[in-house]
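Labels A, B, C and D are assigned to the chains in the order they are written; within every chain, residues are numbered from 1.
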Amino acid sequence: MLAFSDGVFAIAVTLLVLEIQPPHDFGNLVRGLGALWPSYLAYTLSFLLIGQVWVNHHVMFDRARHVDRGVLFLNTLLLMVIAFLPFSTSLLADALRADQGLRASVVVYGGTLWTAAALFNIVWAHLRRAKLLDASLGPVGARAIGRRFRLALVWIGSGILVGAFVPIAGVAIIAAFLPAYYLPIRGEYGENDTTAG
Amino acid sequence: MLAFSDGVFAIAVTLLVLEIQPPHDFGNLVRGLGALWPSYLAYTLSFLLIGQVWVNHHVMFDRARHVDRGVLFLNTLLLMVIAFLPFSTSLLADALRADQGLRASVVVYGGTLWTAAALFNIVWAHLRRAKLLDASLGPVGARAIGRRFRLALVWIGSGILVGAFVPIAGVAIIAAFLPAYYLPIRGEYGENDTTAG
Amino acid sequence: MLAFSDGVFAIAVTLLVLEIQPPHDFGNLVRGLGALWPSYLAYTLSFLLIGQVWVNHHVMFDRARHVDRGVLFLNTLLLMVIAFLPFSTSLLADALRADQGLRASVVVYGGTLWTAAALFNIVWAHLRRAKLLDASLGPVGARAIGRRFRLALVWIGSGILVGAFVPIAGVAIIAAFLPAYYLPIRGEYGENDTTAG
Amino acid sequence: MLAFSDGVFAIAVTLLVLEIQPPHDFGNLVRGLGALWPSYLAYTLSFLLIGQVWVNHHVMFDRARHVDRGVLFLNTLLLMVIAFLPFSTSLLADALRADQGLRASVVVYGGTLWTAAALFNIVWAHLRRAKLLDASLGPVGARAIGRRFRLALVWIGSGILVGAFVPIAGVAIIAAFLPAYYLPIRGEYGENDTTAG
């Protein structure tokens, strides 16, 4: 399952570049390249966010002893949402460039991420309830990871809410999620863990 | 062979999003996004169906001790049909949006899936006849898996037949196949198996 | 190196479908779908040929104990030619549909395949000369594999030559290469080998 | 992490072909195919350069015992830059064909590569500083690899500088980097290493 999931993450992330079309007017290329800034911004944001989701996908499944059909199905839903991100990314970039439809596109973009975060939380709850987690991950570690997954839900949700009124501020909140999420989780590698990852 | 097959499944599923083009009129983005519902529907349906085919591909090949050149060739045909699904999906979404050519596109869409199901049955029959299945899978398990593969043929076939007259009903029948197929197969993990998957 | 190569094969094969665009006139969809026959033909031919190249890539590298930088570089060239096939395939399909430029496109299509076959022969000669082959593969097996690789060169070469004058006959010769090449190679698994693959 | 990275490299390299569109005028196909020479050139250059970056990515990470979150983040940045290359490649090809905007596109193309090289140097410095390298790689080997990574920075940097004035010369300098970089690194496999790779 991980090989398939890794494949989807890797492809989704690499397809992002197809949404950026080179300018047509090569007589004024520097200006044309500059006007593409919304595409560069959306590309960078989505690439780093999918990269982060990928890291957290491993944080989650490296701690599962076993997956049942429920997990398999939920994971397919999660991948379906991730694979949709190139569309949301393209939408956000186009809206920024057109300077129109920004609210709707920030809501769609944030909504795609929020749905992915919700599915993370559902998978994690299922893994805990069905006792599929590795025993070496004590309850402290399991709670720490669960806390982080809930944080994602609240953080992205706030970004959507703010973005529905002030689109750029919503994008900024979602972007601010990136540095926070690369920090290690205490207890993540088990109760006695002291290594860095 | 599995790494190559997994790659094709993962790519086919991720390419589906490229068929959904953001609306052009950003002044009326919410309406434009709403009008894309056939694309979201077709995306979701195809993603989950390919995900299911992927699961069943593992159900099948995890039970093979060995593959011969016949299996290798049949598997290539199967992947060829799966990799064609982004086209059929795009066709279905476009026909739903145009509200024209629905019968033909449901038949093509269902026909692609039916061909994949037929190839599954042929590969399975070949694995059984050529005694390439793992001994731990007793005849009861082998028959249970075979029954499921035949069911797919009949189910999708009914969807095509109905869809040739009432296209939407045909799509509904094919979609109804999804929940049925995520259920576990009795005996699938060998005669004495009691685990869930 | 094999994971990277398998990835390129799987992606090249799956990208082929992107070259097939659904018809625009949904009021006359059956005719429109019928007019796409050159695309289906080119898709099928290229998918099966790349599938075959993939099988032979494993036949070759499963027998290498070790790869040096020369092999690494030649393999990159080989992948570069394989990854170019979606272009050649699209060209062939477009020429068949336009019923123009057929000679040039058959020569380009066959030329892409011929270059891949030539690189196979060069890699194989290098592996033999640099003594990088597994000892279990005796000289009889090594010669049998080498013979098959040389056969590819002659067969595809004939297809190009004929195709430069009678394009359809050239495509037929290249297509006829497929069944021949799925046959097992005697001695391929070592001198005392009796298994089927 | 390596499976994900390999996936991104394999996909980026295979997507390059999507930027080459078959000519529209099939009545004059040979001329049309000839006019695409900038696309073939850019395709070849980028394919071989990404292939080389992939080899060096393995040279680097095969010598790491362990990766921390800093490495994970830097590696994501590196992949983000590599996955951007299909855009830069398309830009370079279009500028060569239009015979306009060449300076800007050579600077963007070289700049993408230079940023990748800079990230290699940063990852390598981090691996050395955080003592994440395998002990079998002595200081001589570590310095040899570091020297090569610094050389890339200077070489590509020179290509950009020259290319900002004489675009074609800049492309030639970047291309000349390819043969130099396929040479083995002394001490790369540890102090007592005598094997070729």
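The working rule: a residue touches a chain if its C-beta (ideal position, glycine included) is under 8 Å from a C-beta of that chain, and two chains touch if they have at least 3 such contacts.
The shown structure was predicted, so the numbers you read here are calculated from the model rather than taken from an experiment.
Copies chain B and chain C of the same chain sequence form an interface built mainly from non-equivalent positions, shared numbers / all numbers used being under half.
Superposition on CA atoms relates chain C and chain D by a rotation of 90 degrees, given as a multiple of 5. Centroids of chain B and chain C (each the mean of its C-alpha atoms) stand 27 Å apart.
With centres defined as mean CA coordinates, chain D is found 38 Å away from chain B. Touching of two or more other chains is recorded for residues 3, 7, 11, 15, 18 of chain D. Taken in their complex, chain B has these residues touching chain A: 3, 6-7, 9-11, 13-18, 20, 22, 26-30, 33, 43-44, 47-48, 51, 54-55, 182-184, 196-197. By the touch criterion stated above, chain B contacts chain C in their complex at residues 3-4, 7-8, 11-12, 15, 18, 67-69, 72-73, 76, 79-80, 83-84, 86-87, 90-91, 94-95, 98, 100-101, 104-105, 108.
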